[in-house]
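Just below is one structure, and these are the notes that go with it.
The first chain written gets the first letter, and so on, giving A, B, C and D; residue counts start at 1 in each chain.
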Amino acid sequence: MEPTTPQEACFEAGIKFGTLYHQFAGTPVSPESAPSLARAMEEAIENQPFCSSVSVEILEDTLAAELADQSADYTELTGRFMEVEIAVDYDGVDVLATMAMDGDYPRMELQRVGD
Amino acid sequence: MEPTTPQEACFEAGIKFGTLYHQFAGTPVSPESAPSLARAMEEAIENQPFCSSVSVEILEDTLAAELADQSADYTELTGRFMEVEIAVDYDGVDVLATMAMDGDYPRMELQRVGD
Amino acid sequence: MEPTTPQEACFEAGIKFGTLYHQFAGTPVSPESAPSLARAMEEAIENQPFCSSVSVEILEDTLAAELADQSADYTELTGRFMEVEIAVDYDGVDVLATMAMDGDYPRMELQRVGD
Amino acid sequence: MEPTTPQEACFEAGIKFGTLYHQFAGTPVSPESAPSLARAMEEAIENQPFCSSVSVEILEDTLAAELADQSADYTELTGRFMEVEIAVDYDGVDVLATMAMDGDYPRMELQRVGD
């Protein structure tokens, strides 16, 4: 069947999440550089069509714990170190989606579609 | 409202497209290396949950035309050089989505949701 | 032959350039989001070992000219839109390297090694 | 001082390593998709100037051990899962460089410069 407008809105939200994760995963990150990286991720993804807002929180405690256990004083950005919320407005349909750890897996999930 | 299963299927399809594009955009590519890159992109994305198949076609004519106009004998992969088809099966809902150039923009689109 | 300390310093400078370019190439960018992206690139790469400073300048005029010619109001970051300077200090050997367009190719070059 | 030819050769080798790592880190990978990814990485980097050969070995045992400990049946490519050898020939100067784990850090190292 032809996709509906809400389905297209959900597809757009998925694109933003895949983009955010795979553009920035692997970036060298430390507690000092986390704020500028989070801000750049938000503003980069907000450029994409239909994206009304992006919020990236780098989990500084999780990051600090990782660094305490290893030899280098930075690591690579991965899903374990961030929580993300993305809002899409596609032809009047609002979608809210999030990413957070679900056990050991960074789960991207639709939270709300439409009103 | 709570997302429906077909909406979640579309969200998953979007994630795969964002991943594919932003993981591999920027990769050095030439006509010689295009087949191995296309194959790796397909198999990498097929690892993701609910992804039943991925087909990546590198547009070798477009790539050759670009190389004829520039000094280096390779370039960076971008949307202009590929067409992609991704099939998702999420809880029994099949989604087919594609990427191709729409004028100067690499358009990712849902083609079919469910039966 | 065994590498010398200045050769190792140059190798380190090269790593930083390859990292910066291929981590961030493909990022959605517009004149509005360029400053946060430039800052994040600088701070991310400065995390790497032996890296004393990184300066990224997004060429806003070149970016604006590109956007005037296309349908979308953002594009993907690539070498044409930035000039970069990276300083490395490896075991007391300073290296300065730059990236800028050389005709149609983003040329990464050593400028100075040691005193 | 002006860089010497061997120093420039080492800079080029560093660029290739930074490119390889940060282009492909984060790629979804499993034992089944590892061979196609390794091949694509080799051929992609061999496109770059002065690069005579690239060898990527995905460490399938390390990868399998990681997967046995987690819920998903794939993971993201990172330094822990690969060993890489890159040969550069720059104006007649051969450089051999490698990447392998050094404790918990993926160490990129010059092995040999010139004859």
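Going forward, a residue touches a chain if its C-beta (ideal position, glycine included) is under 8 Å from a C-beta of that chain, and two chains touch if they have at least 3 such contacts.
Predicted model only: the values in this text are computed from it and were never measured.
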Neighbouring chains common to chain C and chain D, by label: A, B
A-B or B-D - the one linked by more C-beta pairs in contact: A-B
Distance from the mean Cα position of chain D to that of chain A, given in whole angstrom: 27
CA centroid of chain B to CA centroid of chain D, Å: 24
Centre-to-centre distance between chain B and chain A (centres being mean Cα positions), rounded to whole Å: 20
Residue list for chain A, restricted to those that touch at least two other chains: 19, 21-23, 26, 72
Residue ranges of chain B in contact with chain D within the complex: 19, 23-24, 26-30, 32-33, 36-37, 39-49, 72-74
Footprint of chain B on chain C - complex, ascending: 21-22, 25-26, 70-72, 76, 78, 103-105
Residues of chain B defined as touching chain A within the complex: 1-4, 6-8, 10-23, 97, 108, 110-115
